[in-house]
Amino acid sequence: MAKKLNIGIIGYGFMGRTHSNAYCKAPHFFDLPYEPVLKLACGLEEDKAKAFAERWGYQSYTTDWHKVIEDDKIDVVDICVPNNLHAEIALAAAKAGKAICCEKPLALNTTQAQKMVEAVEKAGVPNLVSFNYRRVPAVTLAKQLIDEGRLGKIFHYRANFLQDWTISSQVPQGGMATWRLDVKAAGSGVTGDLLAHCIDTAMWHNGPITSVCAMTETFIKERRHAETGKLEPVGIDDACTFFCHFDNGSLGNFESTRYARGHKALYTFEINGEHASIAWDLHDLHRLSYFDHRDDSIVRGWRSVHVTDGDMPYMDKWWVPGLQIGYEHTFVHQVADFLENMAAGKPTSPTFREALATQSVCDAVLTSANNKKWETVKY
Amino acid sequence: MAKKLNIGIIGYGFMGRTHSNAYCKAPHFFDLPYEPVLKLACGLEEDKAKAFAERWGYQSYTTDWHKVIEDDKIDVVDICVPNNLHAEIALAAAKAGKAICCEKPLALNTTQAQKMVEAVEKAGVPNLVSFNYRRVPAVTLAKQLIDEGRLGKIFHYRANFLQDWTISSQVPQGGMATWRLDVKAAGSGVTGDLLAHCIDTAMWHNGPITSVCAMTETFIKERRHAETGKLEPVGIDDACTFFCHFDNGSLGNFESTRYARGHKALYTFEINGEHASIAWDLHDLHRLSYFDHRDDSIVRGWRSVHVTDGDMPYMDKWWVPGLQIGYEHTFVHQVADFLENMAAGKPTSPTFREALATQSVCDAVLTSANNKKWETVKY
Amino acid sequence: MAKKLNIGIIGYGFMGRTHSNAYCKAPHFFDLPYEPVLKLACGLEEDKAKAFAERWGYQSYTTDWHKVIEDDKIDVVDICVPNNLHAEIALAAAKAGKAICCEKPLALNTTQAQKMVEAVEKAGVPNLVSFNYRRVPAVTLAKQLIDEGRLGKIFHYRANFLQDWTISSQVPQGGMATWRLDVKAAGSGVTGDLLAHCIDTAMWHNGPITSVCAMTETFIKERRHAETGKLEPVGIDDACTFFCHFDNGSLGNFESTRYARGHKALYTFEINGEHASIAWDLHDLHRLSYFDHRDDSIVRGWRSVHVTDGDMPYMDKWWVPGLQIGYEHTFVHQVADFLENMAAGKPTSPTFREALATQSVCDAVLTSANNKKWETVKY
Amino acid sequence: MAKKLNIGIIGYGFMGRTHSNAYCKAPHFFDLPYEPVLKLACGLEEDKAKAFAERWGYQSYTTDWHKVIEDDKIDVVDICVPNNLHAEIALAAAKAGKAICCEKPLALNTTQAQKMVEAVEKAGVPNLVSFNYRRVPAVTLAKQLIDEGRLGKIFHYRANFLQDWTISSQVPQGGMATWRLDVKAAGSGVTGDLLAHCIDTAMWHNGPITSVCAMTETFIKERRHAETGKLEPVGIDDACTFFCHFDNGSLGNFESTRYARGHKALYTFEINGEHASIAWDLHDLHRLSYFDHRDDSIVRGWRSVHVTDGDMPYMDKWWVPGLQIGYEHTFVHQVADFLENMAAGKPTSPTFREALATQSVCDAVLTSANNKKWETVKY
């Protein structure tokens, strides 16, 4: 029987659910070196924390996150709270020698992120940032195809993350459901929330981004606060576009907005190489588009690969060819990889250090947009 | 706290996994009147039964299915074994007063199915046949749109279930992995395995099928048996096409094959009504295609509806708009509906009686193909 | 300078336009052995015939088709009138030694068609039936791929031709615009008008159809006549579905209807072979879908081939890769092939004899539907 | 009978063909106020000019473009030569009082373009620049939908023009086939050749662009000259990305490259408004994607509109619903509009003046890329 690994989760919102589901499901599908035990759940409101713990089978609950850190039985601290709380909790958890899984983006800014990296590296604790889209099988397959050299020299990397849920001026900022619109809780708007995913995947696929040039926009200048009802200036970026240079000589073009009518969560990327190209789209996450110029010319075209076969990343663990998995499975894969690497004494990507690089690009993007000029990324 | 409901599962294969996963997940996402308890797992080989029970958290295991029936603590018997064992187990379970969830198709033929219906109705036990595709949110949404009258009078119902995994003559018949090719275990080929799904959904959407005319084919006439290695005649239908009349005056066209290169599990349907049409495809199960002739003519076209919003069937229980669920969730929905109806004393569709109607159509299809003439469906 | 070839066209309707356009365009894009000269246009109403001749540059016009036959200067008689007039005109044209291009279907029935074949073969005149969809570059490419053996043994051939323009009971029958709904003018409904195209392409791709089993339906039983305004019984088939055996052992499934809401002219086919599959769709006629099982498994998927490159059939004559051609170009290709073959003394496919085979299948389909039983095709 | 309008064309390359075809076809499909007469064709090499004139039916040919200008019978001068020759010819044609149709981009730069505008306005001659993609029916329909206010306030305009034909370093620069890679003939690379189209359409759809920020790249630094064989520095931009502000407050994101493997001529745009969004793609030019947030939420999705019906722009002139037209038809529409407006004494959009605005944006884009900073567009 696998050794038990006690999980303490902080945050019972959307991410609290995705992470809890992952701890529950992973042992049913993966042969894990540890058995995750849902030990302690923490959240601000007692009623909700209790209900959350009961639903997911946490053995107890608390409303004080320090209790999670102080609990000797907890092996892993899982941070699922708004961005402005990541740093403080992670620093404490590192000090207490806990393994840490932290939601993205790592921090409000590079300065915070830098401290968090130092803390986990000094403490020598396993650490992971939950950029979950890397672990969509099609996205992992894209990485594999690039690493195999199938694309050849890469010329272009393009990514978009388009949503439409904040177009109405009646959507408030702040509070439980809309803290992502409150710059104090979120640090930034689409840049940290959405582009951070694109940047993480892009640098994993295509190497470091060296310089950026960005434009941001805030279409709705004032919104009511969800808790106070008071109309307040909006501090986040509603939309952000940037282009950039990668270290390998390729060009990047990134865009995110929450004002793209018709797109719920359309994260797409496309990579153009000398020999082949790849494209992907979160709205059909189980497919990968692939074009190979080396095919016979009369039957050459974009292939729509249904990523559900046993020889594709992670898919030997699920069902049979043709039967798709979904969004939640990315977190299951993350847990499986994290536990396996932990047992082997190996880091799990993206580590805090890797997420710091993403944070550095985000900060350079925001600086560039503010200064209206090119910005070199400082790592 | 919800009352506990003890589950005894028979069969640890592919369906054993999907059902077990559903019992584990349902309480995390649905507010259920019962708490399912994985009590007893049963399968032929002891090692595998033990490992299966451990992985999924069943409290014990057995290699004798009679033990499941005889166990007083078991509330629900879940039948996940090959088709030729459904009848005997279900009859015993009904007699023992157990609620029954049975994998599809209900039986080897109408005669068996008729007895099973009589048994569960006489015993008055909750009963359900696992035609899971009804509970893909997009498929349930199609039912809702039809019931709302959006399509108007229906002219055509078309369904295909195309696979390509048996094209090689080296694929054996019989045994654990390939019993679906052995007529003794499966009863029929694509008709019972795949078309049964299409027929179940079609009659749910569009009412009874009254008469059918079918063609079947067995492309590979002999296959090695997986266990004995002996070359034996193939008794199943590799491919089956039929057209039919529905009671409402519409025409049906159905086809299934396991020789359609390029299709892993492409279950599609399309319904053409006077005002609107609907189409769906299992390879992108989270989308529904909808065409409404009442749209302004210059912007009229097929709409690709991304079925991930909270106002769509089942989707308020999952994530946020744009984030898709997958194949396994159909079984979670089935468990949730079954338990909720059970608590309310209501039947859950498709019941054994409804599955008998599907069986009757399947039998008429096979008879028609054998006799090479039209066949009236006998209900 | 190429020798002049004098064209006499009979019929100024939809097909009159497509053929005239083809004669005008072909010399601009193809190097032809003849220069087509638009000599004489014929149609029932003088005003319209005159206007038609002026628009397209015919040197003169007439309202009596015998004048076209009797005119010694006419080399090619092009028949673009309703189906019930094909036979009489073609017989006269053959007798007069004219080359003949006849719209499809060849005749009202096999008996007529047989006589027409005998006439053109006895007269030794070049003859062609305008099953134009063969000459969509993607459809021609499909033929090439099959002939190269890329698909291997073929298991399934599926074709649909779906429209929705007759759903309203207010659409009349008969007259200039709606003669296709009048059984006296058209001979049959969707079978001769639409399925004839599918059958022609299918037998070109996949060889002879040997036996068929069909179902037809007439949803609207009475329609007003366009000219008399009188309500009359509808004699055509509104919908027709049939399955069949091909001589090569593969199975066919064909369907056509004018009651498929959302489809304007959706002619699709899909061919499943041992190694590869092909699919095509008239609504995107410049693309061919191709799946090859021999591709590396992790990047295997349906390819969408944009059939616009110079190494694809006919496409060296048009623009540059990526720039699509459309419907009308099929007729240009037909004219180019017809003239080239004529100069070389070779037949152009489909000849009257080939179209007779298609007619035989159509008749067998209609007989099968009437008799509700399988029908062997008599060639 | 319509008054004759004598056309003199300069340039027998790709564009010479598209324009000649348009003059031939337009009268067959449109009721024109003038009958275009192919009077005189001009090109550098005598053999080719002669063959071109014969193929298209020009009454004579010349190798000296001044002859076209000097010929009193010529009414319209059609300029289809490389960009570096546009200005000189257009200035001469304006001075001679000819109507002018000029290929895009209007000139090598804004300075030239400004002079050309002054010349045609001073001369008072009809003038048109051949940004043909405006007249794809789906693109024209997009303009209509925007003008009807269906999108509401516009937030984003995105356009890409992706090709892959210059990836090989063996592709030469200069000469007849590859002058687009020679900065002396073309003025710029993808900016003037491809982005100019995107900019023209964008400003037509969405109003003036006020400021831009751009990045360009030349991936292959040296190429052999097609005529001399000498290796020379490449002066064009291989790729160009820019973002911008529109005068109406919306944001733009544009990208073009000839290094996007898998894309032959993928011109796409997407417009996101408050209520609705539109997307289009040159590879399927007969479709328009449309999303309307005001649709019932459970059947809301992107609609694929097959732009082939008679109530859609230009489509009443062609075939029947479902039958697509192609690339070449954009030029036919252009000729039809040009002649109709000429007869009515009205300008045809885009005029030289409108094309000057596009040139100004192109110049600002190139300046911004060179200076690596934002650039205000000077009109």
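Just so it is clear, A, B, C and D label the chains in written order, and each chain counts residues from 1 on its own.
Note that in this section a contact is a pair of C-beta atoms (placed from the backbone, for glycine too) under 8 Å apart; a residue touches a chain by one contact, two chains touch by 3 or more.
The model shown is predicted, which means the values in this text are computed figures rather than measured ones.
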Set of chains whose contacts include both chain B and chain A: C, D
Far-end chain from chain C, centres as C-alpha averages: A
Separation of mean Cα positions, chain D and chain A [Å, integer]: 42
Centroid distance [mean C-alpha coordinates] between chain D and chain C, Å: 36
Where chain A and chain C are represented by their mean Cα positions, the distance between them in whole Å: 55
Chain B residues counted as touching two or more neighbouring chains: 263, 287, 302, 306, 309
Chain B residues touching chain A - in the complex, by the definition given at the top: 14, 18, 20-21, 24-25, 27-28, 55-56, 163, 165, 263-266, 282-287, 306, 308-309, 318-329
Sites on chain D touched by chain A in the complex: 155-156, 158, 162, 164, 167, 213, 215, 217, 219, 239, 241, 243, 251, 253, 255, 257, 259-263, 272-277, 291, 293, 302, 372-374
Residues on chain C engaged by chain A in the complex (per definition of touch): 141, 144-145, 150, 287-288, 290, 292, 295, 297-306, 309, 311-312
